[in-house]
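Below is a structure I'd like to ask you about.
Order of writing sets the labels: A, B, C and D. Residues in every chain begin at 1.
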């Protein structure tokens, strides 16, 4: 399908750390959109939360001048992704059409090598079969596969939304408009810290923002070519 | 020497024969099970509706050209015609029942798409692919059909790979179908 | 052979040389055959009991636990984010390491004509095969969806999909299978004459079994020549395979962009480590055979342990060299996260394991193995076998778990504790190994009689002036 | 749920028997049964198509802010909650709590139907019982406790009480008094002459002074403030607003501040005045002319903040900033002198105006001038509790609030409740109050119900935000308004005439009828039905144009004075959990699973202890401690927290439920148990005046954190990557 797209898309996300206030709306939104399972206190205490998107929090400086930095961390959809070559069965692979890292759940056999090789620790693993006791399962999103035990999963840039928008655009015979596709996190974000768009579109919002002086890609030096661009926060110093 | 070699031969032969038999048995059972048609809430006859009455598939599966899933007919859709028809068959009587209780008919779909597969009827129907091409001659069947064709990944690819690149996706990328 | 009349003082010397060297203490072929067969057929009560216990324990701790793991999910193992690989991979690498013993001993030593190898080549080759069998389980056990493992096999399928040949795991898969196949062949070839011997001397089901296995070997010149050639070819061929296997295993880590793994030296480092653990394991096994199997005191003598000891010492030094090299360079590099990882190894939570590794792999061997008298004590060598292998297990633990628990995002560091299921499976493979070995010890001749005899022919005593020296006739 | 059960619900099974089962087990992905099975309709509505999404506009009721939502539904099921992009308050955004509201709707622990004494009854019985109560209870001995949402119900109940001659309903809620709504409104009246909740217009401010206002987490209208904050930071090219925050602990708001000054609790007002003084001084005003008469140096010392920093801020205000906003809130208003503090801080805005600066305080105009019923004061509540105690209350109706849990036990509500003849609860869950109710008539959750909410904060225009059902009720629940009206009709007579509505919808339509005349709305239509449809379609009614006008105030030279505190070693800051707030939705698993921003703790109650204090008391992370105040004691788990004063502890609300459901019950502790009954001068609880003692219990409990303890506190050798990137940027 995607290959029918006249224009070749490259989806990128810009996260303005100066706007981000760490409220966590994106985390919950992501979970609700993508049928991410909740695992309870004990599992989380043992580091088995399923959050696709987490807000990394750092302490800077010493009391009383201690400061906090928030940094939403998710799959960076690397153009040159370390997770892809190591998968023995192509369960995680590169989509030429949208330039995304696709995780094909039904192909995954759970070697977890991709997760070891991900410098962003962006992947989570289904340690068990997680449950949504009736009627909690009513809100599961039918556009997103519910993952079973033994499968690796990660942020998909809400590919189901991208696909839907692309299909609609194709039906109407037009390119996807800027801002037409919004992943759940960007949509929920109260501070508009997360902006999503198509890099190929020269006058898209992301393009404009990414040109900022503050822009940087996380762990760029590894050559992963992430498609999430952070804008650093520069606090005023009194 | 002689004795032993004959013993050996016996042993080997029995093992082989037994294993072959076992395989065959399993295969037979599997084949049988897979050909069963599911119990439907009422004995619906496609042939009558399609051949005799001459309904198009879209009349009942009306969503096929509008969205992902083709959809099962609502009770209203059935009763709309059937209220003019005196119920003669068992099926029609059951249908009346559902209509009177204002219940939906719990049809059992036979062409199931695994939930990790993304498939849109709309795209295919609008590309003028006849229903029979994938669903077989359902219109001929008098009972609720079983899935005649094995619809698996290779089956999708077999068709798509032969399509002109510019018109149809070649499904070379997983995310085209897998969500 | 030996002269009948010998001066008394020489006689003693000869006696002690005989006492010392198996190859100078020949016995008639027939007798050796009898001894070996006795050893095989001696299925006494103790044996039955031990084997039953081993079998049951394996069934529960390995396969029981594995089934439970599959039915519930990998969460039963202690692994967690970000430490996605735990004891399973550690054990995997460990057993692959053990499996290097056989090939090394029989192939390399054979190629270099190290004569002391003769009696225990087979014991070592058996280790290779069974260790590989154990190791081969882990890539399956550690899968999230074991029932889909066959997707790693390249075969035409309805999905039109091949495995990803860029993935080290696929290389692994292929390498291990090749090695398993090769080493089994290599185990089997020298076995044929002995099996034929057994065939001719046994009756009942054993006869049937050996008839099938010995391919109607008759022992003609023709056959011998072919066999010798075949063995030579395999001996040469198996060596590169052996090196490749552990190198590829090391690549699982080295190719990853994980700090603490991403090291160019891992290939040789792992191989030396593998041989280290393998050789020391041979020492342990030989001791077990010597004490537990009938008539083996004749075949396995202190000289063998002594030789192993020397080998072990050298390899331990080799390992130490690579270890130091790897550590120094990483430390000198000064990269932030790497520093953190090393700190974690040496003074962090990982310290006990790390120091165990250093002590067991370097300190103890170096202190003990210098001493000839200790080397010659079988029980000492057995102990060394255990100690070094503990050390090597620790090494793999440090590399796999240690490196994973520290990464570039301190927010996401982790700690790991193996779960009961994991531990039970890890132990299960040990019992499995001993179980298989136990079976083999009663099914196939543990000693390649013909090789020993060959040795006997090749060696003799010659009198030169007042002394007596060993001679080697170039039979091979 | 075992494999088999799950599989039997798969259609595949019926189809392919064994094959299906195997496929299900082996295909790694979800059994379709984890989704809801797709059923053909009886008669499909024309808008619904199989697999197609239908969106409904409604309003969030997780907190009283009244954010507009658009709910995505597929085949009659709510799938995803999204913000309403046109809504004046949240402009398309939502908070975590709003996102997880689906789990309130589909929560397996909801009340399944009406009960009497815990035994199921039919709705007819329920309504008869209710009618009986309305008829045969002397009006003066009835009491209604309502939450701060929804407004339409409050107004209906108000009418009913008027008709009955019963005392008007009390609108209460833990969140309401943690926000000190009355204090704020009172202070606003004194300073700006308008008795309403002020909205602070920080979107285009150059500098924001926040005195304890946790406006990014839960305070009044978090999503509005989130939007405004984002705009303030990077909304205007070249101008970046600065946030200075005064609070004893590092709240999420403080965490985002450029400068966080951990001042001594109770000194907020003084610091505000000192700052005002310094600014005025920096702008060349002589002391004595309309300034606060204070001594900054002495105050700085008293508040334990560096005078130099205050001066820097003052200078920045004087020289650089054009628009400055000072916000009082949160713990500052919970001080014993909270009312004075509120006035002092609001006066600061007035002062800046006087000094020729722009400030940003405005009031959301009430729709058609109809202000919603204000929340009850502490005095009202205590009076009610008194009457209950004295047995003067025969019937107590409770809706939208869970007083047994949300009132500090020291107020004695729980005991008083036992003296009430009949307690009628309308809660959707079997919460602590409903568990003690004689009659439990569960209401729908807001995603199943009609109604409206009058936006009080955040909107710059008259805004009436509409509720509409996005799905059919999941359980056998009934809209409380309908139940009351049905009962009223059953009673009949004068009452029925005074309250002449057939049902909830009719009542709402009557209430919004007046808006049909308005021409300045985003839409207008004279025809009732069309207007109603537009009303629902847009998710409410608001005016086309912004009506924002910044309020002008007058400087009050209030004597802030010293805050007084109870006996104890350490100050205690009780704050609404940034995610769970007061805890009404604590049974939503994903709300529990969302990490708290600053501690990343999930699923439990922690107590923040400064490293020094922890060292002094020999406490470590994950130690369980007992925190005791004169009024009660709780147990919580230690979180060694670098961002809090050494003389202060902080505990979040939201946990410690004894009912509500499987995910909330018996989890963590409720710090309200530590609070006393004193008021803060404006008859809101002085929840910050309590002081506590901690005792180590010797047991440990590992907190579920998203962070890694070692990694984050480590040995300090790690600078955050982001900071690295910055330094790189500067070069």
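Keep in mind that, in the parts below, contacts are C-beta pairs under 8 Å (C-beta built on N, C-alpha and C of every residue); 3 or more make two chains touch, one makes a residue touch a chain.
From a predicted model like this one, the values you see are computed outputs, not experimental measurements.
Number of steps on the shortest path from chain B to chain C, with steps defined by chain touch: 1. Chains A-D form the pair joined by the most contacting C-beta pairs. In terms of Cα centroid distance from the overall Cα mean, chain A ranks first. Comparing the CA-atom centres of all chains against that of chain A, the greatest distance is found for C.
We define each chain's centre as the mean of its Cα atoms; on that basis chain C and chain D are separated by 66 Å.
The distance from the centre of chain A to the centre of chain D, each centre being the mean of the chain's C-alpha atoms, comes to 29 Å. For the pair chain B and chain D, the distance between mean C-alpha positions equals 52 Å.
Here the CA centre of chain A is 36 Å from the CA centre of chain B. Counting partner chains per residue, chain D shows two or more touched chains at residues 27-31, 35, 51, 706-708, 712, 721. The multi-chain contact residues of chain A, meaning those touching 2 or more other chains, are 47, 49, 57-58, 90, 105-110, 142, 145-146, 150-151, 219.
Multi-chain contact residues, meaning those touching two or more other chains, occur in chain B at positions 114-116.
Contact topology of the protein chains: fully connected, every pair of chains touching.
Within the complex formed with chain D, the chain B residues making contact are 29-30, 33-34, 36, 38-39, 63, 66-76, 98, 102-110, 112, 114-116, 146-147. Interface residues of chain C facing chain D in the complex, by the touch rule stated above, are 144-145, 147-148, 336, 340, 408-415.
Residues of chain A touching chain B in their complex: 1-4, 90, 93, 95-98, 100, 102, 104-107, 142-146, 159-160, 163, 167.
Contact residues of chain D toward chain A in the complex are 1, 27-31, 34-36, 51, 74, 77-83, 90, 92-100, 102-103, 105-108, 216-217, 222-223, 226-227, 229-231, 233-234, 240, 242, 244, 250, 252-253, 255-256, 258-262, 309, 312-313, 316, 474, 578-579, 589-598, 600, 602-604, 610-612, 642-643, 667, 702-708, 712-713, 719-723, 725-726, 728-729.
Put simply, chain B touches chain C in their complex at residues 4-5, 7-8, 11, 152-155, 157.
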